[in-house]
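In what follows, structures are represented as structure tokens.
One chain, subunit A, appears in both complexes that follow, with subunit B as partner in the first and subunit C in the second.
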Partner chain A sequence: MNTSYGFKEYVKDIFTGSKSLVIGMGVTLKRLFQPIVTVQYPRQKPIMTPHFRGHIEAILFDDNKSHHCVACGLCARTCPSHVIKVQGEKTKAGDKKYGKKYFIDFTKCSLCGLCVDVCPEKTLKFSNEYELAFFSRWDGVMDLMQRLEERK
Partner chain B sequence: MNMTQLPIIKDVYGFLGPDLMACVTGLLLILMFVPLNSAFLVWVERKVAGHIQLRPGPMEVGPHGILQSLIDAVKLMCKEMITPDLADKYLFWIAPCTVVIPAIVCFVVIPFSPIMQVRELNVGILLIFAFSSISGLSILMGGWASNNKYSLIGAVRAVAQSIAYEIPLLLSTMSVIIMSNSLKMSEIVAAQSPVWNFVWQPVAAIIFIICTTAETNRAPFDLVEAESELVSGFHTEYTGMRDALFFMAEYTAMFIGSSMAVVLFFGGWYGPFFSGIFWFVLKAYLLVFVTVWIRWTFPRLRFDQLMNFAWKVLIPISLLNLLVTAIVIKVL
Partner chain C sequence: MLTIKTIDDININERLYQLNLGPQHPSTHGVLHFLLTLDGEVVVKAEMLIGYTHRGHEKMAENRIYEQFYPNTARMDYLSGMIFNTGYCETVEKLCGIEVPKRAQYVRVITSELNRVASHLLGIMDFVMGIGAYTPFLYGWDDREQILDLLETISGSRLTYNYSRFGGVRVDVDQAFCDGARRFVDRLRGRFKLYKDLITDNIIFIKRTIGVGVISKDVALDYGVTGPTLRGSGVKYDVRKNEPYSSYQDFKFEIPTKEEGDCMARYLVRMAEMEQSLNIIEQALDNLPEGPVRADVPRFITPPAGDCYHSFESARGAVGYYIVSDGTRIPYRIKVRAPSFSNLFVMNKILPGHFVADLVAIFGSIDVTVPEIDR
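Moving on, here comes the complex of A and B:
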């Protein structure tokens, strides 16, 4: 408080102070009756936004009811952490190659997204998976094609 | 119970007369009520704090976490009680013991209903004020004996604060006492049977609530245990059940302060339809809720602001209020 302080200011201070205190109490009282925003996690699952970046995932296309991966290996080569391993397969000579196995080691992935950017067939995307805690390092290694089969 | 039929008991406890039964049952009820009440209030506090911040508060133990503070009490009882090496052993041990004395003694005179009062005293209000001062003493003892700079600063602040805020507290009580012309709790309540004192003394009531908040060292006046500057103030060095006793004393002091406000300003046990005890407890807990609500609304004051507020605002206003009350009573 200022020492050069008139009686008028003193009284005015008390009234403006009391008013602002009452307004503050009103704000918290309103908050008290608003719905809570906490998600009780193990019992309730939060819904992730579409832009959430989990590990990569093969997109399921409608035209051939599968992925478009041609096992070119660009993702594996561009990956800065050497996380990706792609195996392709041809059914007969002269045929197009297509992705058979697609392993990623998520424990080393830095989620940079270069694989998604570089994919010529645009068959990679980020998943909405967020429960990415594992008991073993091998649990972090997953086969995207197998996950795609499970999603079909 | 007629004590004259039991000659042996009469010989031993004769000086107590028929009060013995009331004394024993009353004390037992108080000793049961004090810990349960503070456990309940801790839960209420955490719940209200949670909902004000849009989160649910404790949810895991029992329905809506109602057993959380009982479990916490069990945990605190199991914890090791550490005494710092350079602490004053005896004072360090005595401080938490004395801090619960006001918590228990003050309940003796609180009139929950016309018949639910352990002991009617002519100077009930005085007894409560006298014994609540012990908590200030034990905070000073605890802070001093801890041999810790944070504890000591917290304790010094507690003493300065209680000196500053006891004056407007007593002055605002004084204006009610002038009106009802008695220091007896039940007579003060009986004097407000048509209209509550709050209608005649709103300024005194607000000052009283502010001062009890400061006396019980609760936010926004919790400089005694300001976490951001003093670790946790005077009970920094306390662990386990000793720390829990300080907590219990704080929450019981809250309840006692609210009951005092109910007795002095909000018509005690008077209310329609239900019995006296229901109304008294309801009003007391509503006032406790208001204190909790205040805590989770306002930020902590700076120490000079705290002192300025007491000496420059509360004391002049309560003096003026007392003066006006005295003149009005004399003229009418």
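Moving on, here comes the complex of A and C:
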């Protein structure tokens, strides 16, 4: 504590205090006539960048009108949280395997992007959805192949 | 039987009482528990009880492959996640001897410095809000929002970026990002006057910070304090300058220091450091080389047996990663040296003699992230 706090310092403090108060008020006043910087969220939706990381999504390719998943399971093995489960199917012997079901548990996903990086067929991408709140835990479990069918 | 004591009979120790500040307190930046022994309003002894957000990141590393540890790194210090993420990749690259392309190094520098500015803005504004100024906080977060938007355009995330990969970065930066970064640099340079008006020249801020929480040079060195807290005590040490990594040697920048060691000095060092970061960003954008952003690395990395220590400067101080590899795809041990731990425990030394209200100012000026301490 400053012991030599006399009348002179007291008056000086009042003066500088009022000055800094006026300056601060001036900043606020100036701001009042400037445009709003916040997004009025429910009425106004932000546009997400192409690289935005929502949950993962299977890409719809034009050549076969479907995904390119071969159910190799690399994504499931790489996932740090073990949230991916892929089921493959072969229609007949000698055919190539393809992904039939692709489950992710989004509630546990940490959005690291390792599955997208590791995919040898490049059939995974991040969706642009950001309203990802659920009412129950099972709402977070989604089948990407089913979502792809719905998008077709 | 009740015995009535006179004032002379009261033992000095009975006048002391204990106060629990936290773990759920708005000024403790997360869950940190202060057990204060008070004499009236003056702190006699302070204990910091940590561990409320312990998640066992170091142990988790021993059970997963090197790639799977990416998301954990950003979750230790969530305010400078990009720096922690990049530092982890640099450590593994050092261990494996991977040469990172120059463009990737520059992109890492740009993103790390942007993240450092964002972290400093948050740290300063949280500090200022802790001691009662709400207005600057909103302006600071407006600026921070620009950085988060900018980093979102390349990494896709706003806080836990996961942008660096072994041997480079995930996505190349485009022209829009570079232009946005330049616009941001110009914008923030214009805002420093506003911060000076609102914070630095404010009489309440001056009264509450000058001469409060003085960390002397010797104490800071004894406790292993690093980062802006150490530089606020007059020690010129910055890992970026003293042991340059990731092409920091290419850039011209100063290490701002202050001799006073009080809360004001730490605040001013952070402010000056943001200006230096903007200089680094501008230089890196000017000289951004062409070329690939990722070296040719295998899909799953297998470092040779051995160990490696790498140190880098996060927004809070010197971070160290120590990785022991036994030649498999799973690390044998990863040790993280977090700066917040030593920065926090210097408060043990400096708090006695201060008011409880000063604790908030000191704690805010040291700028600690609790999940980084607990890991």
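To be clear about the criterion, the second predicted complex is superposed on the first by the 114 of 152 C-alpha atoms of A that agree within 3 Å, B and C clash if a C-alpha of one lies under 4 Å from a C-alpha of the other, contacts with A are read in each partner's own complex, and residues count from 1 in each chain.
Everything below uses one rule, namely that a residue touches a chain if its C-beta (ideal position, glycine included) is under 8 Å from a C-beta of that chain, and two chains touch if they have at least 3 such contacts.
It should be emphasised that the depicted structure is a prediction, and the values quoted were computed from it without experimental measurement.
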**OP:** Would you check which partner chain A:Val118 touches, where first means subunit B only, second means subunit C only, and both and neither mean what they say?
**Re:** second
Original post:
When the two structures are overlaid on chain A, which partner does A:Pro80 contact: first (subunit B), second (subunit C), both, or neither?
Top reply: second
Subject >> Of subunit B and subunit C, the chain that contacts the larger number of subunit A residues >> reply: C
**OP:** Determine, under the contact definition given at the top, whether A:Phe61 touches first (subunit B), second (subunit C), both, or neither.
**Re:** neither
Original post:
Touching A:Val27, do we find subunit B (first), subunit C (second), both, or neither?
Top reply: both
**OP:** Pick one for A:His51: touches subunit B only (first), subunit C only (second), both, or neither.
**Re:** second
Original post:
Between subunit B (first) and subunit C (second), which, if any, makes contact with A:Phe134: first, second, both or neither?
Top reply: neither
Original post:
Is A:Ile36 touching the first partner subunit B, the second partner subunit C, both, or neither of them?
Top reply: first
**OP:** Report, in rising order, the residues of subunit A that make contact with subunit B in one complex and with subunit C in the other.
**Re:** 21, 24, 27-28, 37
Original post:
If you look only at subunit B, which of its residues touch subunit A in the complex?
Top reply: 48, 50-56, 59, 293-294, 296-298, 308, 312-313, 317
Original post:
Can you list the residues on subunit A that touch subunit B in the complex?
Top reply: 1, 10, 14, 21, 24-25, 27-29, 31-38, 40
Subject >> subunit C contact footprint on subunit A (complex, rising order) >> reply: 13, 16-17, 20-21, 23-24, 26-28, 37, 49, 51-53, 78-80, 110-114, 117-118, 126
**OP:** Could you please specify the touching residues of subunit C with respect to subunit A in the complex?
**Re:** 64-65, 67-72, 75, 135, 139, 142, 145, 152-157, 160, 162, 165, 170-171, 194, 197-198, 201-204, 299
